[in-house]
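To start, the structure itself, in structure tokens.
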Amino acid sequence: MITASIIGSSGYGGGELLRLLLAHPCVEVKQVTSRSHLGEYVYQVHPNLRKRTQLKFSDPAALEPVDVLFLAQPHGQAQHHIAEYAKLAPRIVDLSADFRLRDAAFYEQWYGEKHAAPEWLSRFVYGLPELHREELKSASYISGVGCNATASNLALLPLIKSDLLDPLSPIFIEIKVGSSEGGAEGNSGSLHAERANVIRTFSAFGHRHTAEVIQEMGVNASRVSLTMTAVDLVRGALATAHAKVKQGVVTKDLWKAYRAVANENPFVRVVKEQRGIYRVPEPKILAGTNYADLGFELDESNGHIVSMCAIDNLMKGACGSAVQCMNLMMGWDEAMGLEFMGLHPI
Amino acid sequence: MITASIIGSSGYGGGELLRLLLAHPCVEVKQVTSRSHLGEYVYQVHPNLRKRTQLKFSDPAALEPVDVLFLAQPHGQAQHHIAEYAKLAPRIVDLSADFRLRDAAFYEQWYGEKHAAPEWLSRFVYGLPELHREELKSASYISGVGCNATASNLALLPLIKSDLLDPLSPIFIEIKVGSSEGGAEGNSGSLHAERANVIRTFSAFGHRHTAEVIQEMGVNASRVSLTMTAVDLVRGALATAHAKVKQGVVTKDLWKAYRAVANENPFVRVVKEQRGIYRVPEPKILAGTNYADLGFELDESNGHIVSMCAIDNLMKGACGSAVQCMNLMMGWDEAMGLEFMGLHPI
Amino acid sequence: MITASIIGSSGYGGGELLRLLLAHPCVEVKQVTSRSHLGEYVYQVHPNLRKRTQLKFSDPAALEPVDVLFLAQPHGQAQHHIAEYAKLAPRIVDLSADFRLRDAAFYEQWYGEKHAAPEWLSRFVYGLPELHREELKSASYISGVGCNATASNLALLPLIKSDLLDPLSPIFIEIKVGSSEGGAEGNSGSLHAERANVIRTFSAFGHRHTAEVIQEMGVNASRVSLTMTAVDLVRGALATAHAKVKQGVVTKDLWKAYRAVANENPFVRVVKEQRGIYRVPEPKILAGTNYADLGFELDESNGHIVSMCAIDNLMKGACGSAVQCMNLMMGWDEAMGLEFMGLHPI
Amino acid sequence: MITASIIGSSGYGGGELLRLLLAHPCVEVKQVTSRSHLGEYVYQVHPNLRKRTQLKFSDPAALEPVDVLFLAQPHGQAQHHIAEYAKLAPRIVDLSADFRLRDAAFYEQWYGEKHAAPEWLSRFVYGLPELHREELKSASYISGVGCNATASNLALLPLIKSDLLDPLSPIFIEIKVGSSEGGAEGNSGSLHAERANVIRTFSAFGHRHTAEVIQEMGVNASRVSLTMTAVDLVRGALATAHAKVKQGVVTKDLWKAYRAVANENPFVRVVKEQRGIYRVPEPKILAGTNYADLGFELDESNGHIVSMCAIDNLMKGACGSAVQCMNLMMGWDEAMGLEFMGLHPI
């Protein structure tokens, strides 16, 4: 049994993380902070936690030492306080974007400002077990993952790992996302009457999560693009990656590559059915789970591959992966506390 | 560790029950049957179960003895086979409407046909722990509950139990429900393009679940009505009961009555907040949980009480209560396997 | 051809009104004002108007005289400026709540503050043609209607008009509403991730629109209540009124009463079918139309009547009625410019 | 004033067409047929038409001669009866896929069966005014358009017309669609509980509408693909086309090309705003309108163009274009009867 606290826990990521830690058999949650909800019961903000915890939001200034400290603040904050936080806990998992990129110049290029703690970048391991399981086992500092980056990286993983892509082909990734990605603050376009029923391509290029795809997949920046479309759903993201496979690659090769990834990773599944309603990866049935469902279709006539990855953006795309990383870091079963199967219908 | 099988498990109730039993620490699922999906993997119908079980749907004729047999068939079937089923298992939990009513004449009145096994009616205990906890502990045969009846009964329970209602006042219960209540078969009105965006009062009076409210709450049939309105949601039901309290009853009396019910029942919560977004019971945050959230408002000027109960119709309104009943029947902690807290946002 | 301007036209009501006036064959829209969007094209706020008008939002201080002035400001503003506005136009239609109630004390009771222009209250005619057609024909000042009041009043109209209700029975009106009722400003609960999938009874009693039901239906305040529930829909409201009919009233009497109202009013329809998907009034198919669809069910065994009225809250519940009133005031066909039939499916 | 009848009018396309023709100032609807709903009032199936028409569905065998005959049957039927139909009317507009492709072999390749009336293919003009306005003016036989083909063709039109695309670059078109595309019959996956909340890529390649893109845009079959994803919406489709522009093409060139198309076509608009909520084409605000909203983004660093087209699949993608074609064929203003602006919010 270890102790853990969460800094910045009134947002969607913080709430989801708290839900997972409260249910985790080896973690005792000590403190959760929120300046705007100071003194309120956490269940007044996260109503699903009613009757499950009597925790109240506390002041970040009053944080006590713990075994693992989780940071769930808006981007751009953790880098200013990381040294202090490191005094509070020997292990830190940061959900924000502050320590995801390895290179300070690359960070500046994508985030438009100098990194405030560049010397810390190399101490963090990128928090996606499917990419860095071994490093995570010995890590002390773990970054979070971008949800859209995760859906993209996992859609590409079998193709990159088995070296099946034509190295010159562009990679166009179309990502459809739910409204929880916008966070608990939202903006005028997040109002239900404006956001309901949308198919809104709010970012054709240049989404910051692209940087994580470039870094983690090792693809050239000019070759890959993420196009983001908001659809009417709260939780969930589906990445559909379009590219060309190398000459000669056939469907059988793809099956082998995808199955290999699924076999190595407890939370990756391949969904490619010939019958029934659910033949392809779909985010809706993943709500609350840590699964990444992968699927693909190959047009053998021209080598066009469509690779899909569905996730719950708040779970595998954020908090689920963070808990999975903590499990690895602690030497525990990586699936511990992440057993929820998801609902059908939903 | 006990063994359990489910008859009729390709529908929504059967799938949900299977999900719960697969996660239950003391149950081993032996067989699940489906004639229409015979031989298919259960995850081809219930895609959330992929990578969690390799079970296939088997033939009901090939059922083997188990410790507990769950019946999840359409209404009107179990009563024709109950004697056979009883040979397969010493304990039966039936989710259908066949054994919910105590009286064969009352059954005939509401279901329009003679009951095929009236002698079995008295052997079943009505499967709502909040009403029959003690009897359930010694039961061998347990009926399911109607989802709308459950939302109604729990909305009324504090008022009836503390005897706060004017005995002459009519009780109008308005129930808003999601589409999963319609089942996996559906009808022309269940098509997404017709069912999306609806506020459709499909039954003003006479819904069969009314019979369970009359029986369990002991109110006169002419006094109570359930009005059913379909809204755009998959899982969830909210019952809003309108009635008059006895002269002199004030808000403080109601707090006492509602808190008492919540204190006695692990899955009942009172939701009545003065701030925040979630001030009243709401089904959406209950998806996948076994909670019943209760709330109320009293107009002290005229004694009009509005009592609300929100549930997940497939959980507390069906399978969650069924598992809770099994736990009681087996002498286990009644919350075992029902720990999921629900999601926010969703 | 007359000229018209709209004060406060960046909100949902103002935008809807502008849409209707732009399409009206006898109206030329001169100015539309908005302080927050001053100088912007109206289609930047109301994207449906792109390529239909090159109007820009202008300053309310720069308003020029017109034949009809529409006020579409938030509640509580028009009463402070009504004298000035009256100098700009001989006819005024105010969509806000400021001039709906006839009595200043009654206004204060429901709105919690003294009315700023009580002498103007009697000059306004309540803007629901189904209740005040003849007066509207000779009116110069017309108030808007509350959307929930309108659904309630029209649900009750056939019963009140034909004097079919038991005078002692309470009238419980359950209203389910879409998110556009919350306005373009919204609040934290209006965020899509919080507002999607809701069944949220946000007001059990005391909604301000109740005052309009009391005034227009002539029922005692202690007898009637409106209970408001938000559901997942953008446009639309369904009022379901529960009451008791007088002894001896049968279904045939109700048919007569409802048909009479439908026959007298071009935008009232009775929906009570025995087959098909759409057997009862449903707001979704009314989006963009000025119809009020009425339906009813009577339990002859105990006199319980369920009366339903579905509307588009922005149309019959606000702007559609306003344009219909303008048509009557101008001596035109009252349906002019309101011909849109609505969509199916939607 | 001309007469028109519709064969096959109980489906979504037939109902939408009927709505448009009932509102059209120069058309009198004579008969609408439906075998399955024979004798029913059309408003029992299309509830929006209540109080607007007393038409009943009649027997196709009893059709009388008219000026224009509309065919709104399922695909594969019109080609078997076209000779008979041609005896009933001098002008035919067929909404089905039967006469969209010019070449019988090409039809067989995409539809998997020999065409039953290949000699008629050349008599039909493809019914998209943006592509064939002049031919349509002198046409007697007009085919419908595929909704997904229309969104794709209009997304590509400015690029193809101004010859801006790299001729070697693949064209990946991602289309997100609402449930009304599935038709009034639906399938098990169309059930609300399964179809709600989906992001379901039901067709990665090979959708039949691809043939119309190949034919109408003149692009090589191996170069273009349509990937279809179902999202939670009833009406609407957004096509997002990814391709590479020719070396040297900059944003200014694209503005010119898109504006040219918008200027030549009354129902095409360019949506590319720097502020506000609606900066890009969005189908939701197009419900019930005949608009096609176009937008684009160019990554000048690598020539990647994202071109978007939003439509209402039942309007510009089917019935709206059909009425627009009829208007052209009759020598009328092509916008007649298609004036509805659409709703905001919705």
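Going in written order, the chains are labelled A, B, C and D, and every chain counts its residues from 1.
Everything below uses one rule, namely that contacts are C-beta pairs under 8 Å (C-beta built on N, C-alpha and C of every residue); 3 or more make two chains touch, one makes a residue touch a chain.
This one's a predicted model, so the numbers in the text were calculated from it and none came from an experiment.
Farthest from chain A, judged by the mean position of CA atoms in each chain, is C.
A count of C-beta contacts for the chain pairs A-B and B-C puts B-C on top. Centre to centre, using the average C-alpha position, chain A and chain B are separated by 35 Å. Separating the centre of chain B from that of chain C, both taken as means of CA atoms, is a distance of 38 Å. With touch defined as above, residues shared between interfaces to two or more other chains in chain B number as follows: 12, 179-180, 184, 193, 196-197, 232, 234, 277, 282, 345-346. Remark: chain A residues 170, 172, 174, 176, 188-189, 193-194, 196-202, 204-206, 222-223, 225, 227, 229, 231-233, 236, 238, 240, 242, 244, 277, 279-284, 295, 297, 299, 301-302, 304, 306, 308, 310, 345-346 touch chain D in the complex. Put simply, chain D touches chain C in their complex at residues 12, 15-16, 19, 22-23, 40, 44-52, 179-180, 184, 234-235, 269, 271, 273, 275-278, 282, 285, 287-289, 291, 293, 339-346. Only residues 12, 178-180, 182, 184, 186, 190-193, 195-197, 232, 234 of chain C touch chain A when the two sit together in their complex.
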